[in-house]
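Below is the structure I would like to discuss, written out as structure tokens.
All chains are identified by letter, namely A, B and C, in their written order; residue positions are counted from 1 within each chain.
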């Protein structure tokens, strides 16, 4: 293993990626067809059909309890950890059914990383937090590679300069915003193709939020990102596509500017103008 | 780096993840298996324990009886011709009458064989005969048929616990006795009955006469004293600490004390009882009163802790509502908070009492290990309790006591199951979600 | 006079007092001013002041009555008393003989069995004893009646609409609640003082250094001076190592089984499995230790001995292994239910974070959940250790009496609790070093378990705070 691999894992091309987005080379990364989710008796998600475009940010918005987080957790089968949860429908990553029996969730989640609502660094050092994924997946074979991978992941998450002198400190000693960027670095270190973010800024102050939003914008050059947010401004700022959920239904989806300026559905209209939420 | 180069490298990563997968899933299965093994092991141990106890103990609830024909010889039973109960009890030689008939029937040769014959019967047999004759004095002079208890050895033989094929010198029952026994079986003189004596008599040196009623009464009296002392005091302490106590050093001290007392080994409470209750206050040894006091001190922390938890679970809104209507704090507690918390407090109390019921060590310290035949009549009479009775019997070498010990364990476990089940029922029935 | 009758009378009087007080309050309520409190509170006020002082007197009296009566009986005996056939001046009697004589008098008076011959002296003393006891009861009853009467009179006359009966009653109740809560402190003080006093008495006969560091333990002191090997040695090291050995064996059984059971139940088991298995494990904790002891002695110890013999090992029939094994089984539910609570308290977010990176369950448990829960689990294990050290019945029934300095689990060893029990049961004289040594051991036991508990509770508490 050489330097290139560590680089590839964090997918850090130096090339100007902005034109990749501008060039309208839209490609579907994930498709979901008629996704239904039941929690015991409760029908939490009804017939959601949605495509996630590669290397762009898709925002899922809607009032609380609308099913947007539930949908997000279907994408990397996090709902498997909940006994009573049942998912039906077809969900694909690059054309491969991710709920197929042949797919291992471990492998799947290595390709689809996740960042959670509350920063949840492990009670380990900053270094070990980032190194955790590569270690369990056996991605690196020696310490030097690991060091490099950790450094590059932290750099991609825009955290390295702040923590480079204290990599041995516990991850929990960082501030909330730093912790969340640590969690992003932790997700990047596994080398995912898709990153799911579940309200990543909801517990952060405005400055830390701005920092994360910038980071998301940088990351989309290399990753497909799906973000759940309850802040419409944030959705408007960071996303290219937006999907609006309401009471378990996907009401409307489209280009972000279109959703926010010219929504087709009156529920969407009502939500973005703040009539309910 | 170009897109295609990156996707090649990512494919390489995927390959690495895939290759490690088998090993990781195997270790996952192994880890899961450890957990299952641990649980299965624990449950097997429980089953093994209960199985051993039950298989050893179920036979304690039956007892072998032997039918004998007794000639109620007037010479022996009523030498003066008087047949009033008093005289019969004083002068009647029922044992003699019994032996006389047995000797006539089984014809032992010599004194030694006669002793062997007599040893097949419980020493209680003559009292059975005596009671029967006193109830029916007109039987005197006639030959009657009566069922009497066998000795413990014969009892064990009937229950299949004695190996006949072992060398004669190694067993308690000799060949001659076995022959007599076989003759009795052939004549349908052996019968196994429900052992009611086990539930109605006190301790005895003879396994076939030993019962646990004395221990049950002792346990009941002890638990009564424990409950009467520990429940009100524990309740009062819990209410004070949770509802009234100011946050100061005294309160902190009490809290620390309660928590530590809950973890002090029970035998230390026994030492306290010995030094303070027996030696200093000179209360009677072996008495349920002192046992109950020691167990009350031991149970108190449990009741206080569970009581506080139940009181804490009552939402403040209830208190505020009552206070808002002008109730005093004492009224708030006694009218509103306590009734709501009571099921929880009772549950904690029952669990604490169940633990006290099974407790042995501190009672050994205050002399409740004595051999006591009489059924205690009050909390200051010398008595023993069920777990101590188990301990005493477990120490006895006779085979008959192994069965009795296991039987006593079963009875104790039934009491504990009933108590704990009622605690669970109480909790389920009054469980409230605020 | 029967104490039960005295208390019953007091109760009846109190109830009458309650109705009197309430009636008078109701009568007073007819006036233009309203009663401050409900009439019942006035009745309760009367009742409290009738019952409480009299009851306190009762408790005080019966606590000290026997000592006073005995002293008076003693003083009433003739100056020269016949003991074992010879007349001695009574004030020159050794303490043990004096105690024996008094015990005999007391037992004879109450109709219990008297050891030795019933002499005229005993009969004379017993007669005096009974006379004094009856007299004392009467005096007490009269004093109680007087107190109740005073209480009734004072409180009854004080009843007026303006009197704040409820506040007064509640103040007394609060005081009672407070007194109840201080019983915990009294118990601790009682434990510490009783252990300390007796242990100090022990240390005047055996030096603490010899006790704590001595290598030989044989508490049988000679009845006759010329007996062989009965000098009595009180070096507790073999007892401590025996305790340690059994505790270690118990923890070797309990920690892995308990911990893995807890992990399985909290991380893998479905809700239904959890709901059935957890109570079953808890049953193990509810079984009285005497049952475990019986099981160990009856079944497990012979099983281990035979198994050992089958593979050519000499295993003592009261091996440390059997006792430790069974003790371990008893402690499994402690470790498992405490660890279970602690593992469940690890925030789900940490697990999600790990699963989100593609970790398997076991990787998540081993590398995220367990390290996070470690302090709490250490606390749980410490509590288990303290439990094992203080456990008595299993070792009394399944471990031996011989204090051997060994770490061989197949040998018989003895423990602190076994020694406490054997040295105190039977009818020992109270001041022999053998008896007193039990209290010294008890003191060590208390200190060690207390330290373990304090540390364990601290650790667990710290852990809880971290995740609340």
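One rule holds in what follows: a residue touches a chain if its C-beta (ideal position, glycine included) is under 8 Å from a C-beta of that chain, and two chains touch if they have at least 3 such contacts.
This structure is a prediction, so every number in the text was calculated from the model and none was measured.
Student: If you tally C-beta pairs in contact for every chain pair, which pair wins? Let me know.
Tutor: Chains joined by the most C-beta contact pairs: B-C.
Student: By mean C-alpha coordinates, which chain is most distant from chain B?
Tutor: Relative to chain B, the chain with the farthest C-alpha centre is A.
Student: Taking the mean of the C-alpha atoms as each chain's centre, how many Å separate chain A from chain C?
Tutor: Between these chains, centre-to-centre, one finds 59 Å.
Student: Could you work out how far the Cα centre of chain B sits from that of chain C, in whole Å?
Tutor: 20
Student: So which bits of chain A are touching at least two other chains?
Tutor: Counting only residues that touch two or more other chains, chain A contributes 106-107, 110, 136-137.
Student: Any chance you could list the residues of chain B touching two or more other chains?
Tutor: 17, 24-25, in rising order.
Student: For chain C, give me the residues that contact two or more of the other chains.
Tutor: Counting only residues that touch two or more other chains, chain C contributes 358, 360, 363.
Student: If we count contacts the way the header does, which residues on chain B are in touch with chain C in the complex?
Tutor: 17, 24-25, 27-28, 30-32, 34-39, 41-43, 45-46, 49, 52-53, 56, 232-234, 236-237, 239-241, 244-245, 253-254, 257-261, 263-269, 271-272, 274-276, 279, 281-282, 297, 300-301, 304, 328-330, 354-355, 357-361, 364-365, 367, 369, 387-388, 390-391, 394, 402, 405-406, 409, 412-413, 416, 420
Student: Which stretch or stretches of chain C touch chain A in the complex?
Tutor: 270-271, 347, 349-360, 363, 367-368, 371-372
Student: Which residues of chain A touch chain B once you look at their complex with the stated criterion?
Tutor: Within the complex, chain A contacts chain B at residues 4-5, 7-9, 11-15, 20, 104, 106-107, 110-111, 136-139, 191, 193, 222.
Student: Show which residues of chain A lie in contact with chain C when the two form their complex.
Tutor: 76, 78, 81, 83, 105-110, 113-116, 118, 120-124, 132-133, 136-137, 183, 186-187, 190, 196
Student: What residues on chain B touch chain A, complex-wise?
Tutor: 1-3, 5-6, 9-10, 12-14, 16-21, 24-25
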